[in-house]
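The structures come next, written out as structure tokens.
Note that subunit A is present in both complexes that follow, paired respectively with subunit B and with subunit C.
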Partner chain A sequence: MVEYVVRRGLYGVLVVALVTVFVFLTLRLIPGDVVRLQLADAPGVSPEQIAQRAAQLGLDQPLLAQLWRFLANAATGDFGTSFQSGEPVTALIAERLPTTLQLGVMALAVSVVLGVPLGLLSAVRQNSWLDQGLRVVSVAGLSIPNFWLGLLLVTYLALWFSWSPPLVYRTPAEDLGSNLVHMALPAIALGVAGMAAIARMLRSSMLEVLRSPFIRTVRPGAPERTVLVTHAVRNSLVPVFSLIGLQVGHILGGTVILESIFAIPGMGMLIFESVQLRDYPVVLGCVVVYGAVFILVNLVVDVLYGVIDPRIRYA
Partner chain B sequence: MSEIAVPIATPRPGGNRRALRLLRRQPLGVVAGVVVVLLVVAAALAPVIAPFDPTAQHRADFLQIPGGPFLMGTDDLGRDIFSRVLYGARTSLLVAVCTLAVGGVLGVAIGVVSGYFAGGWVDTLLQRVMDTLMAIPGIVLLLFVAALLGPSIRNTVIALSLLVVPSFNRVARGEMLRIREELYVESARAAGCSTWRILRRHGLPNLLAPILVVTSLMFAIVIIAESALSFLGIGTPPPTPSWGAMLSDGSRYMEIAPWMVVFPGGALTVAVLAFNLLGDALRDVFDPKQSR
Partner chain C sequence: MPTTVPTPQPVPPLLQIEDLHVEFDTPDGTVEAVAGVGFSVGAQETVAVVGESGSGKTVTALAVLQLLDGGRISRGRVLWDGTDLTGLDRRALRRIRGNEIAMIFQDPMTSLDPLYTVGHQIVEGLRLHRRIDKRAARGRASSCWSRSHARPAPQARRYPHQLSGGQRQRVMIAIALACSPRLLIADEPTTALDVTIEAQILELLRELQAEYRSAMLLVTHDMGVVAETADRVVVFYAGQVVEQGPTAEVLRDPQHPYTAALLAAVPSGETDRAEPLAAIPGVVPPLRAMPSGCRFHTRCARAWDDCARDEPPLLPLPGGRSARCLLHRSGTALQAAAVKGA
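Entry: the complex of A and B
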């Protein structure tokens, strides 16, 4: 078990390093010289100034030397400084990451809190009109683009109920109520797809468990409630749990677009702005952190998977 | 599926009829298939069906409510939304087809080679690259690649291809691992067939069904992703009509002209829904064991 966690952890670190190398090389290979882009606005820039700026940014070194220096620094949590603001990238990300994580956790909560009961209901009432209806809702939920859902929620809440989310974002420390109200709509828009996926997965795994021999053995003696709650539900939740790791990827990606719709100053907004300004160090730092969060969550899910279901062996 | 070994040379009488019967058991899948066909027709015949030029600005009729000559109303510049939705289908399908051609071929090739040489250094190398691509959340990867390359349809296709390659790879590699152990591959190897011939004659044909299922599901993902990119302003550049860019324009007029958001988003959702349902139905048809 410990050995498994360590091995998975090391592999996770390797993948994060590979992500770093991939992003670093892509940024360098893409046309468009950073220095020229940065100095383009200033009139009358001499070649000497360009060379000086390049040396300042370490861009005159050989590519592999740059890559090595970057990886060595990144390992200590130093991603360099922003081309735009001159602030350390780590500080910029540290400021924005909690907001994005909060949005992600809220979206995941929406998925689980709605998805689990819907899936169970669907399975228990298999083939009823309720089940059919819920299945249609699930497929639709998987297909509605989260940004469209977000836009519709804002529009129709305003048109029908004259209600709009707060205009200015407040951190939870400043004003918890306003913060939660602001985050509610994007969390719902982001969580619906997860809800649908969980409901679908849970329905099919629950149906499978209900057909299995041990349920048939328990059924004649035990009250239906005990059969469902103690035996069926617990066993059907196992595969659903593995789905959560996958959902985290969708949710993290979705935060980028929903943060921009709802003006939430999270990491999504940071990477979106930095990409447009070609602020390479910030972009690089953000992509690596997104990757690291995703890999970490999946590692935790995999380890907990074994804790929940002792039949799984760590090979 | 694998237990029923059908000799390659034997003709299969009634194969089509069996497929039809299976399709009849998948009414939702058939409806989805029809919607997909309608979508393709609408996209192909957009110049014939569309009542207006999608980029023509009827300045006197801006923000018209749906009805009259403008079936779905007009946008802030007085462009006919119905015509733009039709041409948007064109953009979406064009990008999706190109992406799946590029990304699908690449992903399947990587998966097949990797699966056949599973455990070797080629496999290890290729799979580490795939893990790397998969570790970056979709939109972040797209944002990063598309924005740095600059907004154009070609660059959107490049970025989206990177997104779909790992999915095709995973399916192709998994199937190849299974196929590799089949008796007919072993006999082919024993008979002295070259690796290339084994992959081409035994690998690829047996992969077709699962790949078809993934392709349909990937259509849905690519269409959403293209719209997301265009919505963020780094996908299809204006004035080419695209659903995502229309949503982005509409988001500024949501409260006075909700139809600017409702129709392109509706078209997007219907398209995605159709490809998702079609993919589900294909999976049930090809692999009854997995059906829910």
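Entry: the complex of A and C
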């Protein structure tokens, strides 16, 4: 078990490193030059000044040397400083990470808290109008892009109820109410796809479990509630559980656009801005953190998997 | 003892199935999987149900417990101790199922919940029916447990996937017998197991049945098992009972050509190895295309013209036996008195 976790952890580090290299190289393929972006507005910039700035940022080195230096520093926990503000990348991330984690947890909560009961209900009331309705909602939820759903929510809430989310972001410490209201719409927009996926998968696994012979073993003598809760639900949640790990990936990806749409100063917005400004160290730092969070969550999911399902062996 | 009901037993039977019909709705229309089955099981009696695959044995067993999934009883009664189970509400059924009637299913691999230890599952069954606390339930479970020879204590903490098929079936037996039911329905409890384990499980069932004084309804394909285990045998064909009677007599002198053919298909010690086993020609007719008249006549070596036209009733024969065959119709007094429940 410990060995398993360690091995998975090492694989995780390797994956994050590979992703970093990939992102590092693709960033350089995007047209646009950070130095020109920074200095273009200044009148009468001489080529020497441009070269000097590039040297300051370390961009005059060969690409592979830059990559190597970034990886070597990153291994010690140093992601360099922002090209833009000069602040250490780690400080920028530390400031923004909690906001994004909060949004992610809220989105995941939307997925699970709505998806699980909906999936169970449509299985228990198979083919009822409720089931049919949920099917439509699920298909819609899975196919609508989250940013579009976010925009729809803002637009129609404003149109119909003349309500719009707060303009200025407040941290939970400053104003919890305002913070939650602000986060609610993006969390819903991010969580709906997960809700739909969980509901669909849970419905089919629940139906399968309800038809399995061991339910017949307990059903004869047990009250329906006991059968459903202690045996059927628990068994049908097993396959759904792994979906949660994948969902975290979707949510993390979605934060980039939704934080920008809703003006939430989290890591997603940081990535969005940094890509625009070609602030390479910040983008890479964020990618490493996103990758690490995703891999960590999936490791935790897999370990918990073994706790709920005794058939799982760690090998 | 004067009785108005012409039952073969002097005492009213524990379980009496009367003219049971079960239908399933399928995408291609309704099919009748069980078409007028009737037989009974007396207290402490062992009754074997035999018949080819698809003849409705499992459906009948499930219908007794009202556990049909997607099917319904369209006609007939299932009398348990004189009460018709088909009309009972869930709560009343629950008191009977598991407690007075227990069932063991065909496939021990999937009949246990994979997420709970087997010990937990035995205790759970007990606690649902007996208002006893956890400790008492554990005590009783562990005694059931050791009775079912599934080896004592440490095994109880195991999960189903850690046990072999035979051990799981022992667990199923322990669950079924924990409440000392008056009737145990065992639907091919050994088909998934190999021969040596099969013998052990059957032996165990017999032993425990004697100890708990339960009756047993044993569904099987195996004539050898029938011969060793059952007091009476009921032969199914295409959703109907074609013959029933005391095991020894039926096996020695079958009164229905189908039973005779089934017995001829069983390898016995005396059969010359070189001689091929007599397989029954043809296949069981599909539910949707039952032949008219006798359902077996298309495969029957002794069929004649009448068989395609007249549907034979289950005709009573001497010695508490009956058979559904026109061979027994020929102008006797028996003709009039079709056995009740046929």
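FYI, the second predicted complex is superposed on the first by the 272 of 315 C-alpha atoms of A that agree within 3 Å, B and C clash if a C-alpha of one lies under 4 Å from a C-alpha of the other, contacts with A are read in each partner's own complex, and residues count from 1 in each chain.
Note that in this section contacts are C-beta pairs under 8 Å (C-beta built on N, C-alpha and C of every residue); 3 or more make two chains touch, one makes a residue touch a chain.
Only a predicted model underlies this, so the values are computations on that prediction, with no experimental measurement involved.
After superposition on subunit A, the partners subunit B and subunit C are seen to fit next to each other with no clash. Of the two partner chains, subunit C is the only one that A:R234 touches; subunit B does not reach it. Judged by the number of subunit A residues each one touches, B leads among subunit B and subunit C.
By the touch criterion stated above, A:P47 is placed in contact with neither subunit B nor subunit C.
In the superposition on chain A, A:S204 makes contact with subunit B only, not with subunit C.
Looking at the shared chain after the overlay, A:L159 reaches subunit B, while subunit C stays out of its contact range. In the superposed model, A:G86 makes contact with neither subunit B nor subunit C. Of the two partner chains placed by superposition, A:P62 touches none, neither subunit B nor subunit C. Looking at the shared chain after the overlay, A:F272 reaches subunit B, while subunit C stays out of its contact range.
When the shared chain is aligned, subunit C comes close enough to touch A:T226, but subunit B does not. After superposing both complexes on chain A, the closest C-alpha pair between subunit B and subunit C lies 11 Å apart.
Residue ranges on subunit A touching subunit C, taken from their complex, read 211-214, 216-224, 226, 230-231, 234-235, 238, 308-311.
The touching residues of subunit B, counted against subunit A in their complex, run 128-129, 131-133, 135-141, 143-145, 147-149, 220, 224, 227-228, 231-232, 234, 247, 250-251, 254-255, 258, 261-262, 265, 268-269, 272-273, 276-277, 280, 292. Those residues of subunit C that touch subunit A in the complex are listed here as 65, 67, 69, 90, 94, 97-99, 101-103, 105, 107, 110-115, 121, 124-125, 128-129, 159, 161, 172, 175.
Against subunit B, the residues of subunit A that register as touching in their complex are 14-16, 18-19, 22-23, 26-27, 30, 32, 139-140, 142-145, 147-148, 151-152, 154-156, 158-159, 200, 203-204, 207, 249-250, 252-254, 256-257, 260-261, 271-272, 275-276, 278, 283, 286-287, 290-291, 294-295.
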